[in-house]
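Have a look at these structures, which come just after this line.
You will see two complexes here that share subunit A, one where it goes with subunit B and one where it goes with subunit C.
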Partner chain A sequence: MLSRNWRHLCRRYSQAVTFRTTEASPSQHNENQIGLFYTMEEAQCKQLFGSGGLPKSFMKQTKTFTETAIMVRQPALDLINCIKASDMNQPAIRYVLYGEKGVGKSLTIAHLLHYAHENGYLIVHVPWVSEWLRRTPRHKEMANSQSREGFVDLPLDAAAWLLHFKNQNQAMLKNNELKTSKEYVWSKREMTEAGSSLAALVEHGINRVKYACDVIDALVNEIKILSDSKVCKTFVAIDGFNSFFYPMTRLKTPTKKQVKPEEVTLTTSFLEITKNDWSNGVIVVTADQLAVPEEHQESFLPRYLLFKKGFEHLDPFVPIEVERYTDKEFLTCANYYRDRLWLRGPTEIETELKFTSACNPYNFMIQCAPL
Partner chain B sequence: MSGNLRFLNKSITQSLCVLSRGYARRTSFPDYYQNPIFRKDEQSRLIEEGELSRRAKLPVKPPTVYESSSVYHDPLVNKVINHVMEKGKKQLARSLVEKAFENIKRKQIERYHLASSPDEKAKIELNPKDILHKAVENSKPLLQLTPIKRGGITYQVPGPITERRSLFLAIKWLLEATYEKEKQVHFPEQFAWEVLEAANNTGKVIKRKQDLHRQCEANRAYAHYRWQ
Partner chain C sequence: MFQSGIKSFSLRQLLPATKLCVNYKNPLICASIQYSTKSVDPSKNVLNNLTDWETLSEKKKISKAMKAYLERAKEHDEFMKQQQIEYNIGKRHLANMMGEDPETFTQKDVDRAIEYLFPSGIYDPAARPLMKPPEEVFPARKAAEFDEAGRPHHFLFYTGKPNFFKLLHDAADNLQQLYNFQDKVIRKKATPDPNGKLELGSSLWLSKDQLEQVLVESISDLEYDNFKVVMERLAAFPYSYRYKDFIEKYRKPLVSQKFALEIPKPSYDDEGRAFVTTYECLRKDSRGDVTIRSPGTGKITINGKDLTYFEDVQSREQVMFPLIFSGMQDRVDVECNIEGGGPSGQSGAIRWGIAWGLRSFVDKDMLEKMQVAGILTRDHRRRERKKPGQPGARKKPTWKKR
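After this line comes the complex of A and B, so read on.
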């Protein structure tokens, strides 16, 4: 009985403090909404993140909370302002998000993707690079590349990504102006003519998994050309980008030879799109400690995580640090958790949790779980 | 029946001292060393009663790591964690129990959102620790069978059970029911399931308790062997 009273009291208490904003459009977010949660529409969320994009633990939360709510935070706002202010005719600007483990880099990307989707960008989003290079399920599909000597293809992963790309850009791909500039010959009988739509190209990659990697290569080139000629504007988001520069992947060829990341065809394609030799685009990548093995997680700074090679590849870029919760953000988050019944009990608990989780968003969420 | 009630009443008053620390073997501290009092409410009670000035002069054992004045310290949860623990791996045991709590919480919140009327919602208990307390309370046996040899035959003789042992049996049964699982099912999931069942007065553990009670009832004719 006592706990029930507590619950009602807590709910009333939580409603007194605002922790939610009704502004559901990311392009309208401003400094007044910092620390407040906005709810993403379910259909849109499914379209954008149906096949990956949100962290697993967060997906679990969305199910328990019966909604997808993302906190409006400073780094995302900064980035949106930068994008709004920048001149799109200049070479694409690279932004690197970095920060400790669990501070919300991936969710910042999710927020930005929502912004990009709303503003009619063509989205090129890689949910998690380590999924390709570091995760090795028992039957990882690998093949030697036919088009390029000494390279390795990951056909199934590539096809899955193409499907992801197709889902995210359903509306954009219907646009008939997106056409290929040159002819691509896949085999004796299969070819994509110059002037066929991008949708057809993507469809070909999904249907003929064997050529998926080559299709991605072609797609990346086409997107660059199209953006450069101002047909569409492009938003590139790659999570765990530093995985591309770690000296070794965990992949092994049938002859037990370890594969380097630069020997994977997918790597070359996505390094190609992160160069700044094209315009009318935005490139956001994250440098994440979790994307590399534990022995190389000493620092979260981009220079350490990207290695010299990656740093030089991205240079010049705009570094944006995602930080732990501020006091205000922590308070609204705690109130949100109370409202969603995730956190209960006396209010002293919050001071304790603030201390033990050190305001780290992920730790805070995890430590609330058994309470 | 009245005996049962008295027994329950006693159990509530005893439950605190049952959960306080007891040592199986000798400790390095002499007998006159006092157990530490680390909860703020107990300390304030001591001050009110004026006990503090007397206790301040006595030597006190150091508190262990898990004896904290944190808001979410719970002696029963600590007990369960100790029962789950193997080879002194307390961190692991704790993480398992906490994951089970998380599972309980997720299940109950889901149920809460599914419930249609506010009345139904109010009935759903959401605090996993309260659920554990209820589950343990429900699975505590009130009687026990002791084997006593009379005339070359061993009889299972029903008799009263101490509070300490009934708590022990309740936790042991909960865990034994949990370990009876498929290999694919993980401990936290199964434990969450068993705790929820026991709190709801159904499931394997409650059946085991009722079986014991039935056996005691059936063997009541042997009860006099306890003292003869």
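After this line comes the complex of A and C, so read on.
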């Protein structure tokens, strides 16, 4: 038994190609680590992505591999460098990640979130917009908005998101300087006074699901004000942002009327935060083909996916393309899979896999599964 | 000499000198005639000749079997002569019809003329009209197997298949000789020369039909299997080179590669890169062309897109197969224009195009391997039409009792 373990260890660590970096802090990553995997701490991963954020197939894989290893890739490094270099007093810069299906846009966001969390940003992260607008489980909770006429609330989704927000910013919310600027009256008996903490606001939204959407609206406003006044710096990450601009959602009101995305209160809140009328913040969104129906997936370019409206909403922004694996990245990934015994067999199969997956990370992962 | 399927009728009207003949393809018929003639009732002859002692003693020297054989041989010779004459006349007629010189009209011309005059859509070439010299149409017959006194020449005559069993006998004998030889070598403490082993990769054993033709005897499947077993054993022996001639006699070489001569020389583009373009890459309903450029990095362009043009893994595998098989995946660039059909047809067409183009860039050994692997072979299969009265090409309606 011992000798077998020994043999396994030897085989694992005697590989010619290094595929791992011990540098676990995203802010220390540089060009030397491109293509290498770093392991995220389990507790941190649970805190950041405990309620969504990593793609489902990747979550499955992390469970199998018993670690969350993310590859350091060029787009994430570029973005980190940009964030480091930019002037925080200027209006927030919008970054749009785009690329084909399965090239790692969401994982790039995950990498950036880790960076933001490490550097003390207040994180406003939407794991997947289509979860709200396009996914319709049998009992989707919908209600007409109390505060705004003709709008639709998604109270359960909103509360779930508030919980996500609370989990991600546990440390930040303990900071007593984060205070509301004005009084919010929810009903006759319920109100949040000016000067109460953000944590209390969030807590209210979670406890009183009915007002969750209004709480998010208030929260977004408060965050913008707080950032502007340099109390905190904010990192906004929205995955599948183009879903907000597709002409129709799959939601239907009880009267069978189709809902447009701009009629959902959540949409207005998150469109508000992606405007660049505030400073001391970073906004990263993705334009994803998977966030819209199949008939609108002909191109992966932002102009096509965001429509004219979304494009004008975000303009000016910095487009960053996430590309397929380069040869080096493919090699280290294959080595990583071999190390995890995810990929076995002769080394020649890597050539074939490179062809059949066309260096697409997702396809590569899926095709390795039965091998 | 005409032997034809449907068109024989009109042919007869055209060439009155010819006549229709039955083709004795099966030597068994000849053999049975041979052996059955022995039981011809001789009583009448004997009675007639009873008194004539002189003729009797004279006649006795020649056995009845021999006599019958001679008669048959004479008859056969006359028949063949007649056929030959008819064939020659027919050939002259044909030459005249085609407006060519009858003196220089060869068999090749005859075949061409027949194909022209009697175009046939019949699938099997053996069933199409033909005109061949009689030796080719009528199989060879065995010569007399016994002497004038009726005693067989061959020591295995009474096995019924003397030639076949002689072959087995010889093979077994050779095998025994080889065992003896091996004993001798071992006694001398020598080892067999590894280079001396017979190279049988480039040839095959004769098929059953071919063996039957060589032996002029019909053999059963079991007997053919026995032949193969014995010959395999002989050939597998380390000293089998001592009986090379014997073994080679029953093997035929594999079809030589004709296309090896027609490999195009690559042309050179502006950048000085060698390229070969294969036009008309066909498979199912897809058609296109494939260009291969030689110093390359393994870039594949299909209709302006890369390999993601095909969404399924199988099609991508099809495209990469010839490249990976020949180990050229990092050394050439491929450009394809393909249209029509679906993904499997398109990828199949590209696969053939790449393999066909790669011939100019690989060495001879690899070429042979590619040939054996079958990637140089066109796939001519097409969609089979749906038949009326049933739901698919072959599918029958569900059987229902009533």
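Points worth noting:
In this section, the second predicted complex is superposed on the first by the 357 of 371 C-alpha atoms of A that agree within 3 Å, B and C clash if a C-alpha of one lies under 4 Å from a C-alpha of the other, contacts with A are read in each partner's own complex, and residues count from 1 in each chain.
In this section, a residue touches a chain if its C-beta (ideal position, glycine included) is under 8 Å from a C-beta of that chain, and two chains touch if they have at least 3 such contacts.
Remember, it's a predicted structure, so these values are computed and weren't measured experimentally.
By the touch criterion stated above, A:F355 is placed in contact with subunit C alone, subunit B being left untouched. Contact with subunit B, but none with subunit C, is seen for A:L341 once the two complexes are overlaid on the shared chain.
Of the two partner chains placed by the overlay, only subunit B lies in contact with A:P370; subunit C stays clear of it. With both structures placed on the common chain, the touch criterion links A:A171 to neither subunit B nor subunit C. Using the contact criterion defined above for the overlaid structures, shared-chain residue A:V185 touches neither subunit B nor subunit C, since it reaches no partner. Contact with subunit B, but none with subunit C, is seen for A:T66 once the two complexes are overlaid on the shared chain.
More subunit A residues lie in contact with B than with the other chain of the pair subunit B and subunit C. Overlap of the subunit B and subunit C interfaces on subunit A: residues 352. Those residues of subunit B that touch subunit A in the shared complex are 70-72, 97-99, 101-102, 105-106, 109-110, 112-113, 122, 125-128, 130. Residue ranges on subunit A touching subunit B, taken from their complex, read 3-4, 7, 60, 64, 66, 340-342, 344-346, 348-349, 352, 369-371.
Of all residues in subunit C, only 306-308, 313, 316-317, 319-320, 324, 329 touch subunit A in the complex they form.
On the side of subunit A, the complex with subunit C involves touching residues 100, 351-352, 355-356, 358, 360, 367.
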